[in-house]
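Below is one structure; the comments refer to it alone.
Per-chain numbering from 1; labels A, B and C assigned in written order.
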């Protein structure tokens, strides 16, 4: 395992919240890398810069995730927020369910536990029908209908590791992510079952046009390690 | 994901129970489609029209089913009723067991939980011996002996999604099905183990002579979606 | 599914315990058959006649077994008794453990639950070392040392389905077996791992020299069905 860029990211200039920290410079590309969030903090996170604006009427969001956190601990898995809205939050809830929220009440799925072993997790949603589902290791959950006709607003911030309760602030250690994340990709359309399964097995799929792990622009903040995914 | 026929099915003309609704016209064929029951209701269901009368002395009933409903929620999986009798009801009981009933007391099986991922579920029964079993993903449960000598009466109504407590009425939201059903087939004889396993794996088997998903005649009522089974 | 011999076995001439019943005639051979014990009774069982006397200083006992009984219900799986001793009893205990007893206190193993799906279960014991283990679907439990130097006495009776508390009597419904048993074989030596796995997968192994399912001599008593193992 090689660790790079971490020392830089650990330079923290104050304790007055994350707006006071000196973020690392923007970096590009995470091919064969995994993000390790080693401790529970209220200041460690990774900002992601999308390839295109996130005004979305459909999407597929995929990542590989592993954690040692207890099963009854709430965990933020993905947070996209504009000034007034949680545009797209993905959670592991304290009751073990996995949920997502767009601008208000969320929906909840009974999935296998997220464990110390890596789970490949995708989420699909289409505004036209509202059909939404999680995909665990290539297997689709039951469809639920969620906010047909809704649009995700553009021009917000995307964070891994923390849930900002307001735009650019309000982080809580008790919701933070601790563990490993890798291979996050996002498309502005719904991938087919065969594409999602191909992604799960590491085969070639069309590169994410919102996020592509291999060419990802990101900024490390606080204590996050970029480790060779060996 | 393509959704068809849904708008039509959503035309509801009253709130006085499902006899007041305008059902969709009869439609034919569900190849590569899945029925999505997105919400808990007392008015959404699908009527099935069998290819032959359901006076049965043996049968195999197969379907693929997935649900997000809690494990302690009673769920109707299949309901065939004549004027005075529940001729053939299949339930997931509130204690997690799966059961079936023909005109009176039922029998109960301890099967793996029905989850958000699709379970392939078959039920076989033969009047001559009374031997009955569920088959989960191609594996047979323990045989139980149930109503040897009994016959299922013909000329009733078959519903997915609701349990009619009387002929054409008496629906309860708390028993309704929420989730996905696909690939329902029924034969008027007991399929062999190898045939049931072939069906589970999606290989060719003799088409159901009571119900065949590919050529099924059905009517949508309330809020049921027909979705491409991707 | 073909059912044979059942009508004959159901001839019961009294309610004064199983010594009063008219057993079926001795029958031979259970190839591709499964024994179905459909109800909880204190009178249904199958007597097995061994090919050689059961004075044993080592053995391998294998069977396939499935049950719908609740997980906290004691179940007799195999009973061999001489006049004064339970020579070899195999139980599923009310705490879910699987146990065996030879002439006194038994030993207990934590195995996966015995469920509605068929489990292949073997038990090996060698008097020389006392090493004993259960094998579930070809996987060995941890060894336990049990009664090194002991011998099993010959000239008793072997029963499936009931536990006789005295020689030829004293049956209890609450301990009876309900479910399916198949492919019972017994050898007077300890089979190797590869042989036990071969047996599990239905491959060829040396025929049991104490019991061989294909040529088994047996007598049905009470309500036990012999069904094609389809």
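One rule holds for everything that comes next: contacts are C-beta pairs under 8 Å (C-beta built on N, C-alpha and C of every residue); 3 or more make two chains touch, one makes a residue touch a chain.
This one's a predicted model, so the numbers in the text were calculated from it and none came from an experiment.
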{"item": "Chain contact graph, described as a line, ring, star, complete graph or other shape", "value": "line"}
{"item": "When chain A is superposed on chain C by its C-alpha atoms, the rotation angle in degrees, nearest 5", "value": "180"}
{"item": "Mean-CA-position distance for chain C and chain B (Å)", "value": "38"}
{"item": "Averaged-CA centre spacing for the pair chain C and chain A, given as whole angstrom", "value": "54"}
{"item": "Sequence positions of chain C contacting 2 or more other chains", "value": "none"}
{"item": "Contact footprint of chain B on chain A as seen in their complex", "value": "108-111, 126, 128-131, 134, 136, 139-145, 190, 192-193"}
{"item": "Interface residues, chain B side, partner chain A - complex", "value": "1, 3, 36, 38-39, 66-68, 115-118, 179-180, 225, 227, 230"}
